[in-house]
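Each of the next two complexes has subunit A plus one more chain, namely subunit B in the first and subunit C in the second.
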Partner chain A sequence: MARDIVSKAQDLRLYYILPNNIYVKAVDGVNIEIPRGGFLGLVGESGSGKTTLAEGLLYLIDPPMIKISGKIFYIRKREGSSTEYETIDLETLPQHRLDQLRGVELSLIPQYAMDALNPTMKIGSFIKDVARYHGRDVDEILNRALERFKLLGLPSDILNRYPHELSGGMRQRTVVGISTLLNPKFLVADEPVSNLDVVQQHIVIDFLTELVEKKIVETLLMVTHDLHLILEKSRYLLLMYGGHIVETGSKEEVWSEPLHPYTKMFLESIPPVGSRIEEKRIRGIPGNPPDLRYPPPGCRFHPRCPFAMDICRRKEPPEIEVRPGRKVKCWLFVDRKV
Partner chain B sequence: MVSSFQRYIINKTATYIVLWFLAAFLNFLLPRIMPGDPIGRYLETLYNMGQGTTGGIVQVVPEAEKLRQQVIEQFGLDKPPYTQFFLWLINFLRGDWGYSLAFPNLPPVIDLVKQYLPPTLMLLIPSLVISWVVGNYLGAYMALKGGKVDKIGLSSMQFISLIPAYWLIIVLVFIFGVYYKILPVSGKPGYMIPSLSFDYIKALLYHWILPMTTITLIGIGGWSIGMRAYVIYQLNANYMKYSKALGLPQRVLGRYAFRNAIIPQFIAFAMSFGGLFAGNLLVEMVYGYPGMGSLLSMILGRLDIFGMQAIFTFTATMILVANYVADIMYGFLDPRIRRGITEVVE
Partner chain C sequence: MGEPILSINNLTKTYALGLARRRYVKALDNISFKINKGEFVSLVGESGSGKTTLARIILRLTPPSSGEVIYKGKNVWSLSDEELRWYRKEVQGVFQDPYTSFNPFYKVDRALSVAVKKFLPGEDEHVVIRKVLESVRLNPDEVLGRYPHQLSGGQLQRIAIARALIPRPELLIADEYISMVDMSTRVDIVNLSRDLVDQYKMTIIMITHEMNMALYATDKMIVLFKGRIVEYGDTKKILKDPLHPYTQLMIEALPRIDKNIERKILQKTLDAQKKGLTESVRGCRFAYRCPFATERCFNEDPVLEEIDKDHYVACWLHNRR
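On to the complex of A and B.
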C-alpha cells in the first residue's frame, strides 16, 4: 500500500554513455519499492550500480547518465491530510516543483561529499542560499545549522569558513549537516562515512540514527558496502549485484535465511564481530564482478555462482516475491513458488 | 614575520624587475644589430625635405660623411655600448626618451607617444571593455542554455574570432564607406594635425567607429569562447551536482558557475590591458588610424632606432605592469590563494 512505501522504481534502466557509444548498464531493469520509515540499507560491491540507483531514486539524472526506460515515483502524505497519500511521478514533475521537493523532502548525502561544496563560497553563504530559495527563515536555519554542526563535532566558526579551510573529514561532516538541514522526509546517504576515521564514523552514524529515531528524517536509505554497519543499524536490506536488485527483505530475514546465492556468499565473506581468524574461515566470492559494459547474458551472477544451471546462462531470472517485501531474483526459487 | 602572500608578492616583484631589465636590454640591442643604416636614412629624410625624392644621398653629397659624424657625435653613438645603454636607461626612467629620427625636426619620442597614444587608447580601451563584457555574457549564456543555442553560438563565435582584423575592416569599409557612404573610408581626420582640440576629437570619433567595431567584434568572439569553456567546466563540477540535489534553482546554479568562471577572465582582462599600449598595428595601418600602430609603422619604416627602443620598452613596461597586476589580483579574487594572507610562515 502507498502508505508503506516512500519510493518506487519500475523497470528502471540507467546507463552511462561513453564517448565511443558504449553503454555502461549501471542500473538495468530494477523494480523496487522502498518501504517507508526507519533505517534501510542498499548493499552491494563497488561497481554494482548502488550510487546510480540512489541518484536515480531522487531523479538526479544528468549526462553522461541517461534513463533508458522506467518510472520513478515518490510517495508522500497529501498536504492537509493525515491519511491520504499521493504518488508523484518525478519525471513528469515540472522542474520548479522538483526543486521544491529536493533538499526539503528528498535529500542526498553524496558520495563525492569531499568536493560537494562551492570552493568560492563560505559555508554560511551557501546555507543562506539553500534556506532562501526554499522560502525558509534564514536566521532560523543558520541557528539550526550551528546546532547540528556542533553535534557533528565541527568548530563554531564553520559558517565563516571556505571549503578549502576544512579538512576532508570536516567537509564530509559539513555536507551531512547541510543535506539534513531542512529535515528531509526521505534521505539517501551514499557512503556517508567512507572517508572518515572510526571516531568520526561513529559521530556521523549516531547523528543520522538520532535523526531517524526522532522521526526528523522519516526514511534513511544508507548506500554502502559496509555490511557490519548495515547489519547493526538497518531494519530492511536491498542487495544489489551487477545492476540488478538480487534480494530484498527485512534484516532478520536476510541474515537468518539468505535466499540468493550471492547474498549467502556475501554474508559468509565477512568475519563475524568478535570472532578470531582461526575460528571461522573467511571465504571470498571467487571471480570478479561483471563488467557492466558487457554484462553476462542471463543471470548476472551465474559466472560466479556454484548453483548455476543451464537456464541461468540463457535467461534473466524473474523476481520472485516470497512474501510481501521479501523478493529474490534467482531461478532457484522459480519452482518453489509455483 | 612574513605571510606567504607577502612572500608571494615579493617574489613576483623581483621577477618582474629582472624581466623588465632584460626587456629593456633587448630593446636597446636589437635595433642596433638590425641590418640597415639608421643615420643614413635620417640624412636622407633631411635632404629630401621638400624635394620629394629619395635615395642615395650618402653617395651623392660629398659632405654626407661629415654630417654623419656630426650626428653620431651629437647622439653619443660613439660612446662605448654599455655607457650608451645605461645613459639611455637612466634617461628613459627620468622621462627623457630621446629624439625620433623618423622626422626631420627630431621631435622628442615622448611627445610623439603623447600625441599618438590617446587615439589608440580611445580605440582599444572601449573595445576591450565592451568585448569583455559582451563576450562573457554571451559565453555564459551559450554554456547555460546548451543545445542548439550553444552549437550555433559556438560555431559563429569561432568564425568571428578567427576572422583576420585587416580583412574584416576592409569588408566593413567597403560596406559602410564605399557602398553606403555613411562612414569614412580611412582613419585620418583629413589633413588635420593631431591635437586635443574639439574639432579634431569630433573628427576622430567619426573615424573611430569602423576600427572600433572591427576590433570589438573579433574580441567578442575570443572572450565568449573562453567564458563558455570555463562555465561548462564549472557546470560539470561536483559542487554543482550537489547544489542541484539540494533543490537550488537553475538561475542560482548559473550564478555560481558564472562567479567561479569569471575569475580567470578577470585575470585575462588585466593581462590584455598591457597589450593595448602597442596599438593594433594591422587595423590602424589598413585604416590609417592615427594611433600607436601607425606611429610604430612609421618608426620601423624609417629605421628610427631611438623611437624603437623607447616605444618597445614603453610597451614592454605596460605589458609587464599589467601581468604583474594580474598576478596579484589572482590572490585577491580566489580565496584559495587569498588564504595565504592570514597564514603565518616562519
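On to the complex of A and C.
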C-alpha cells in the first residue's frame, strides 16, 4: 500500500567511477521499501554502501556517483487530498522541482555535518537564505530556528555567530537544527552523532525523536554504523552489507531473532554492558569486509560466513520475505527443494 | 609488585589560546598515577578530557608544562641521548587513523622492514616480520606485498600494532586505536591487546572514549574529565561500584535495548547544557552537571582519595577529609 511506504528503490545500482575507469559498486542491486512513519535505522559498517543508498533515496546523485540501473520513488499524500497518495519517480522530475522538494519535504543531515556550514556567513544569515530560497517567512523560520537550537542545547546568540566561533560539536548540532527547519516529511540523517560526546549524542537523538513523536518529521531514517545508538528509539531496521540490503525487520525482531548470519555475528561482536573478558570472550566477525571494486561472486558475506554452502559462493541470494516487512537475503532461508 | 613501570607525578599542561586576549587552558591539571608492569590500563575520557595530550607527553611528542613522567626510575623528559634511544625502543605508540600511519606510496612491508633495520639490526628481517604479523593474528601472505589502500582498517591497525611490537617494547600506548576499525572487528583488537598483556607481560595503556570496551577488558581504569582524574583504580571495582557521578554518567549513557531505563545523571546534565551552563572555574569541574553537587563542590577542588583498596575518587560525596 502506497500509504505505508514513503520511499522505494527498485533494482538500484549506484557506482562510483574512479579515474582509472574502475567502478566501486557501492549500491549493487537494492530493492527496498522504506516504511512510512517513525524512527528507522539504516545500519551498516564503513564501506557497506549505506551513505550512497541514503543519498540515492533523495536522488542526490552527482559524479563521480552514477546510477547504473534502477528507479527511486518518493511517495506522498496528493496535494488537496487526505486519503490519496501519489508515487513520484524522482528521476523524471525537472531539476527545479526536485530542488523544491528537497528541504521542504525531503531533507538530509549530511555526513560530516560539522563541516557543512558556509564559513563566510553568520548562522542567522544562512538561515535567512534558506527561508528566502523556499519562499518562507524569514522571521517565522528564524524563530523556529531559535526554538530548535534551544532544544539542541545551543546558546541563544548563535544566530550572530560565524561557524568558526563554534566548537565542532556545536556546529554539528547547528546543522542538525537547520536541516529540520522546513519541517521535512522524510528526513535522512547520515551519522548525525558521530564525533559527538555521549551527552551531545543523547541531545541530538532525543531532539530527532521528539520531532518524530510530535509528527513534525513523519519519517526519520537514521544512517549509522553503530546499531546500539538507535537501539532504544528506532522501530524498524534495515541492515546493509557489501552494497546489499541483507535484512529488514522491526527492531525487536532483528534484535531478538536476527536471521542473516552477518546480523547475528554483528550483534554478538559487541560486548554487552557489564560483561568481562575473563567470563566470556566476545568474538568479532572473522575476515574482512569486501572490496566493493571487486566484490566476491554469490553472496557478499560468504567468505566470512560459517554457514556458507556451495551455492552461496556462486549465486547471489534472493530476498526472502519471511513475514510482511521482514526480509532476509540469504540462501539459508530458501527452501532447498525449489 | 615492586617499582611501578610508569609514574606520572603532578603533570600539568597549559595551552595558550588567542592572540589579542590570551587565555590559558589547562589540558592536564595536576595528574598523578602509577602503572605496574603487565597491566592493561584504560584511560577513559571524552574529547577535551586531555587524554591525547597525556599520551603525547608520555611518548615525548609534546613537553609538559610541569610535573614528571618517570619510566623505570628515569625522568622521561631529561634523558641522555643514549637513554633516549633506549626509551624509543621500550615505549611504542599506536594511533587512531591507520590510513595516515602508513605512507600510501609504499607497500606495508616497508614500514615493517624499516622498523626491523632500525631496532633489530642483524636479525633476519623476513623471519621477524612473519612472526610479528602472526602474533597480531594476521596471515602474512594476505597482507605482505599490499599497499595500505588495499587493506581494511582492521588489518592496517593490526599491522600498526605489529610494527610497534618489533622493538619488543615493554609499554604500548594505544591512542584511540579502535575508533576507526569496523565495529564488528573492534573487539578482536581489544582481545589481542589482552593477550599481549597476559602472554608477554606487556603493559598497555588504551586511551579511549569507549567506556564499554574499557570495562570489558582492562585491569585498571583512569577516568579523565576536563584535564583531571575523577576516578582511578581496579576496573572490576569501578564496573561494580562506580563512585564519581561522571563515571556513573559514562556507564549510564551506554546504549541498552530497554526502552525506558532511568538516566538520572544524564538527564541532569542535559538540563544543565540546555540552560547553557558552562563548567565552573573553581571547585569540581563536573559540579554544574552533577545532580548531587553541594555548595562545597562549586568552591573547593576535590582531592583524589583512596576510598577502597585500589579505588580512588576525587569527589566531595565520598571524600572524608
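By definition in this document, the second predicted complex is superposed on the first by the 327 of 338 C-alpha atoms of A that agree within 3 Å, B and C clash if a C-alpha of one lies under 4 Å from a C-alpha of the other, contacts with A are read in each partner's own complex, and residues count from 1 in each chain.
Here, contacts are C-beta pairs under 8 Å (C-beta built on N, C-alpha and C of every residue); 3 or more make two chains touch, one makes a residue touch a chain.
Quantities reported herein were computed from a predicted structural model and do not represent experimental measurements.
Contacts of A:Thr83 after superposition: neither subunit B nor subunit C is touched. When the shared chain is aligned, subunit C comes close enough to touch A:Ile203, but subunit B does not.
In the superposition on chain A, A:Asn20 makes contact with neither subunit B nor subunit C.
With both structures placed on the common chain, the touch criterion links A:Met265 to subunit C but leaves subunit B unconnected. In the superposition on chain A, A:Asp99 makes contact with subunit B only, while subunit C stays out of contact range. Judged by the touch definition given at the top, the superposed model places A:His164 against subunit B, while subunit C stays out of reach.
By the touch criterion defined above, A:His134 reaches subunit B but does not reach subunit C. Across the complex, subunit A is touched by residues 46-48, 150-155, 182-188, 190-191, 194, 209, 212-213, 215-217, 236, 239, 249-251, 253-259, 263, 266, 269-270, 273-274, 276 of subunit C. Those residues of subunit B lying in contact with subunit A across their complex are 237-239, 241-250, 252, 256, 259-260, 263, 334-336, 339. Those residues of subunit A whose C-beta lies close enough to touch subunit B in the complex are 58, 60, 62, 95-96, 98-104, 107-108, 110, 112, 115-121, 126, 129-130, 133-134, 162, 164-165, 175, 178-179. Contact residues of subunit A toward subunit C in the complex are 45-46, 150-151, 153, 155-156, 169, 197-199, 201-203, 206, 225-229, 231-232, 255, 265-266, 269-271, 273-277, 281-285, 288-289, 291.
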